[in-house]
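Each in structure tokens, the structures are laid out below.
Two complexes come next, and they have one chain in common, chain A, joined by chain B in the first and chain C in the second.
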Partner chain A sequence: MSARNLSTASLSIARVPGVAIVLGALCATFGVMSPGFLTPANIANILTQSTILLLLALPMTLIIMTEGLDLSIGAVLTLASIALAVTVVATGSAPLGFLAALMVGFCFGLGNGVLIAVFDIPPFITTLGTLGIAQGLSLLVTDGQSVVGIPRSIEAIYSETVAGIPVPVVIGALAYAVTHGLLYHTRFGTYVFALGGNREALKVAGISVRGMLIRVYVFGGLMAGFAALLMTARLNSAHPTAGIGMEFDAIAAVAVGGTSFERGNGWLFGTLLGVIAVGVLRNGLNLLAVPSSAQVACIGAIVIIALFIDGQRGER
Partner chain B sequence: MARVAVMPLFVLRGISKDFPGVKALDDVSFEIRAGEVHMLVGENGAGKSTLMKILCGAYRADRGSFFNNGEAVTIDDPTAARKFGIAVIFQEFTLVPYLDLAQNIFLGREPAARLPGLIDRRRIYTEAKRVLDMIGFDIDPRIPVHGLGVAQQQMVEIAKALSQDARILVMDEPTAALSDRETELLFAMIARLKKSGVAIVYISHRLSEVFALGDRITVLRDGRKIASLLPVETTPDQLVTLMVGRPVDTTYTRPGRPTAGEIALEVKNLSGSGFSDINLTVRTGEIVGLSGLVGSGRTEVARAIFGADRVTAGEIRLFGQRVEGSAVDSVRRGMALIPENRKTQGLAVNRSVGDNIILVGLRKLFPSGLFMPRRAMKAARAIIDKLRIATPTPRRAVATLSGGNQQKVVIGKWLNADARFFIFDEPTRGIDVGAKAEIFRLLDGLVHNGAAILMISSEQIETVHICDRAYVMRGGRIAGELSHRELTEANIVRLGTHQ
Partner chain C sequence: MSSTPDVAVRSRLAPSRDVIQALYRLIAVALLCAALTALSDVFFTTNNILNVLRQTALLFLMASGLTLVILTAGLDLSVGANIALSACLAASVMKTTGSPLLGMATGIGCGAAVGFANGILVTALRIPSFIATYGMMWMLTGVTYYYMAGETIHGFPPGFRQLGSGYLLGVPMPVYIMMLFLFIGAFFAQRTVWGQQIYAIGANPVAARLSGVPVERRLVLVYAVSGAMAGLASLIILARINSAQGDIGEELTLPAIAAVLVGGTSLFGGSGTVAGTMIGALFLTLVLNGMNLLQIHSSWQPLVTGIIILLAVWIDNRTRRSDA
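Then we have the complex of A and B:
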């Protein structure tokens, strides 16, 4: 359905999107430089580690398609993770904890959506504000300390496998499938294209622009809640700084994937490739013992390179 | 089909609408009959669009009533309007660029699949194909609309309306961006729709259309209905008088033409995307037309001359000196491009008149780089007086000005930058009948003061009246040059379409 639908694209190299070229180049480089890179175990590792980012980047694609932005998604992830851990530690019930994480995500998503859609506050400002609120609450609740004592049942979500496939990868695949279905096969998805492409078209069709916009941000909040489950399981604790900067990775993955910030021109599969590219980059640089601060700079660089490749071909 | 003349299909009675500070509509009544084309005419700001927005439920009337087949009804949202079969094709299209034709046609009315929320994909494509066939538009409904041309997008809009079983189709200046051939196709389609009993409300600025298509004409002025009459009861001149409220000369004739001087622009063998092997000259004191159908490459040539787009071959000389093909260089040498779309390309609409006027001439005005408000204000006032721009103060936002005055601001901006060669792309598009003459007087004034003008216009009558000579383009090439003596509508059409 995308403008760059793979089936309609010819096979000539000129039509390969920038993100695929970047991903291929990264894999080739790390494959040569580090012998441990192209092993099945490491590939499974990359995919597993990419799932948290994927869960954030999927809704971020939809949000950016509406010409919006969600800077709060990393901080909401953190707060949801803390809500989960605190609830589990207090009640001993993993489902209750998960529900708490989803509630935090839902409330922040709803808050973002209402402020943006009803009160017309620009998304950048709104979510910058809620980023501060979520981050501050995280520090306040935990007093800056980690929340520990997570039961084994939650930890298992990150480490177990189903039919040999790591559970996070299964969750990631499910999340992708659901988002794909939402965007390309439902009325809601069609209206996401219209929110960024031509809001007037929605209005004259009698669709509530505000309602749809709120739903998009609520979707983002809920996905941050799901991601919080994975992150808490992965760290086996909740930490008030764990999600800092995740919004950067998510926005970068969407941008690398070729989704435009204008006119509702989005490409969900590109986001998937973008997430994997970011995961490959982090993993490869880890194998080469590059410090994490330098990794952020590299992510920034690949965003620019991918967009440069697309721009050179007049893709946008 | 026999016309149902007894009972109108839909009636609006005593409609009033206030916006803060403006009475947009005051006690306007309007009748819509099946199988009729009802022309709605009036100057910009007369209330035509507001009335149509009320009809389609986008605005709510403050007062007034609606009757569907004689039965009193209410329209307070688009859904209600759609229920009565009312569909509008706006000038600003309501298409979503990255959805395909079928998705656009069914936007907001997607047929549901078995699961709630899911769309029946197969059905929207077969249905879309059926509607597109009905209007004779042969295209794959899976193509995203962002790649379509204006005429094609309009076809999609019409397909969208028909797919909703529209009985009343409102068209807001549908031919504004169409070529002659496309216009003919549209008129043929309107004739077909009429026959099948569809009522059409047609907003137009073009008098020729009003008389060619209209079965009934309603004139609005300043939010009030001035007249509702049959085409046989009036003449174009009377109609314009009704629209403007005073007699207006529709055929502007230039008082006197200066003699052509030195060569201002010389283009040799210019080729680029959408055109090839272009040769033309423009002398000072001349207004030269660049004519041809929409899509014949006129705008592309103009942009290339200005340096906005790359060229692959050829050269451009301005006052004897070669320009390097960048807009920066062109502006520095005194070239100005006044684009077709003022709002998006020519003006910073939210800024003040003064800010817009001094924008291009900043370097000349403030050589030190330091902004001096008083000097800026003085320069802006000088231009405002010179062009008689109707604004109480340079601080007024450009968006609040009429189309004609906005166009003057664009021209003033370049005058302030000492431009001597002007390219006008459709200078009168979207400008009231009354204000057109003033724009032409302005062009005339420019060439009398030693400037040279290249003017693109889709309205051949304008080219004939205003230009000293004209080049006619066809398929990206210059098909011929017409001297002042040869410059007639017939010759332009002949050169522009001859195979």
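Then we have the complex of A and C:
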């Protein structure tokens, strides 16, 4: 085991309580308050609904590890979903639609990466700008209306099961496995850790910092394209406001999961638990009939608590 | 002739970099006006000019507080959502008590309180400002929608409505308010110790702290001022459109940030002026007004604003690099 693995392992152990306690407390609270919460059907429901968020939170973890941020990922998800729906409705071909969604994600990821790495524009302002662009394009293409007429073959992606497991959960597990492999078992992953912790070392080693940063944002865009497939299948339509604010849930999940905004420390498994915590919170508040506007306030409060704990840890 | 004192004297006599930058921006505004006059018959009419000035005033009020935040190398993404909550609370208080003064105090007080909370998140909890204010934005939006539950509050006292729709000597009231705050803001930033400390924090927080600047307190002040200005802007909107609902002000955050950046304030802190922000607000308003007059669909607005933000930061990057 290398020194890096050792140190991340010990960090992981130090962080397990935080997000696990949040998750446990949420489950216990909702289990007591709402009888429908701790049923197998509802738990499967939570996991299925969390997959779209997981697909966004995984690359967001890597992006935040490079001391970056992607505020545009929700708007890119929306635009990709619209591209998918429009293409499928026009051509009748599901693979072409999926390709259109991936292309939108790739282009925005590449654009974000180039603006950040080559033009030196800070990530939060770059992605705020591209958020405006993606949102504007979504409204323009659809004229504010839903795109309907999605064929059954796409809808099935969300509702079918494989060996009793919902397809979205399978896709989520695959995405997690791929990201885990990328981050912990490839050179790319090592570079991602270095991008946040020690950029100088990368430069000295002759690695292109720009190239690596661009790859991280392209990964984010592509994952938003995959998520667009699931979202379109789930809603059975595409709507210009469907994914707005999803970036906030994704950032919340990463923050609750213990990835630091300042020191380049990331923990992918923490993000997974964070995604489930956000999913549990949304689901539990839904069961208690709390309006979605108030749910956002609850998620915001949890993020602030998580970041506060993160800040306290940094002082030690 | 090539001795050092001579160079120093000449550079003191030559117009400063800020003045030259401001001139470039005024030229851009003039070109935009010329283009719009050529493209649209309606642009150069009294009504439309007054309309542009009124809109500029509103954007400037939001952006002036935001300028102070960005001068400290921070960002306030919550201004639009803050306007929504402040406007709705002010409207509700005005409706129930019938007192415009109480309503105005509520609006500005709510804005300032939200800004204060932002300042606490950034200083005491050490959360990066763009994350803290982004989270705040969503929380405010949530609270506002929850509070309003889809309702609209409308119909305010005529005296209060003068604030947004009244005229004095043929000039809209908001323009006077803008000039007042342009003067106060420029005086505060350039001529007071606190203002200079804000520049110092943006230029180099460590050096500022070492030279005795109370960094945390100044940062909290800056966010509170930004919030209070959003509260004030919310009152102008209320007085103008005579109704309040949950999504009021939502689309104003991006243009306000763009106005500050186009006005020459650097995202990296320490350089920029409140007067520059007024030019930026005028520029942005002309762009959005021109798009309206040319009947370009409003869906283009976030797209164009996003591109303007990216261009402004890119140009700032280039000028900073050529200075270095």
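Throughout what follows, the second predicted complex is superposed on the first by the 289 of 316 C-alpha atoms of A that agree within 3 Å, B and C clash if a C-alpha of one lies under 4 Å from a C-alpha of the other, contacts with A are read in each partner's own complex, and residues count from 1 in each chain.
Operating definition for what follows: contacts are C-beta pairs under 8 Å (C-beta built on N, C-alpha and C of every residue); 3 or more make two chains touch, one makes a residue touch a chain.
Fair warning: this is a prediction, and the values are worked out from it, not measured in the lab.
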First, second, both or neither for A:Glu200, with chain B first and chain C second: first
Per-residue contact with chain A, leading partner among chain C and chain B: C
Partner chain in contact with A:Ser293 - chain B first, chain C second, else both or neither: second
Contacts of A:Ile304 with chain B and chain C, given as first, second, both or neither: second
Which superposed partner A:Met212 touches (first chain B, second chain C, both, neither): neither
Touched partner set for A:His185, first chain B, second chain C, both or neither: first
Touching partner for A:Phe248 - first (chain B), second (chain C), both, neither: second
Doubly contacted chain A residues - partners chain C and chain B: none
Footprint of chain B on chain A - complex, ascending: 1-3, 181, 185-188, 190, 193-194, 196-198, 200-207, 263-266
Residues of chain A touching chain C in the complex: 69, 71, 115, 119-122, 124-126, 128-133, 135-137, 139-140, 143-144, 245, 248, 251-252, 255, 261-262, 291, 293-297, 299-301, 303-304, 307-308, 311, 314
List of chain B residues in touch with chain A within their complex: 56, 58, 77-79, 82, 88, 90, 92-100, 103-104, 107-110, 117-119, 121, 144, 146
Contacting residues of chain C [partner chain A, same complex]: 75, 77, 121, 125-128, 130-132, 134-136, 138-139, 141-146, 254, 257, 267, 297, 299-307, 309-310, 313-314, 317
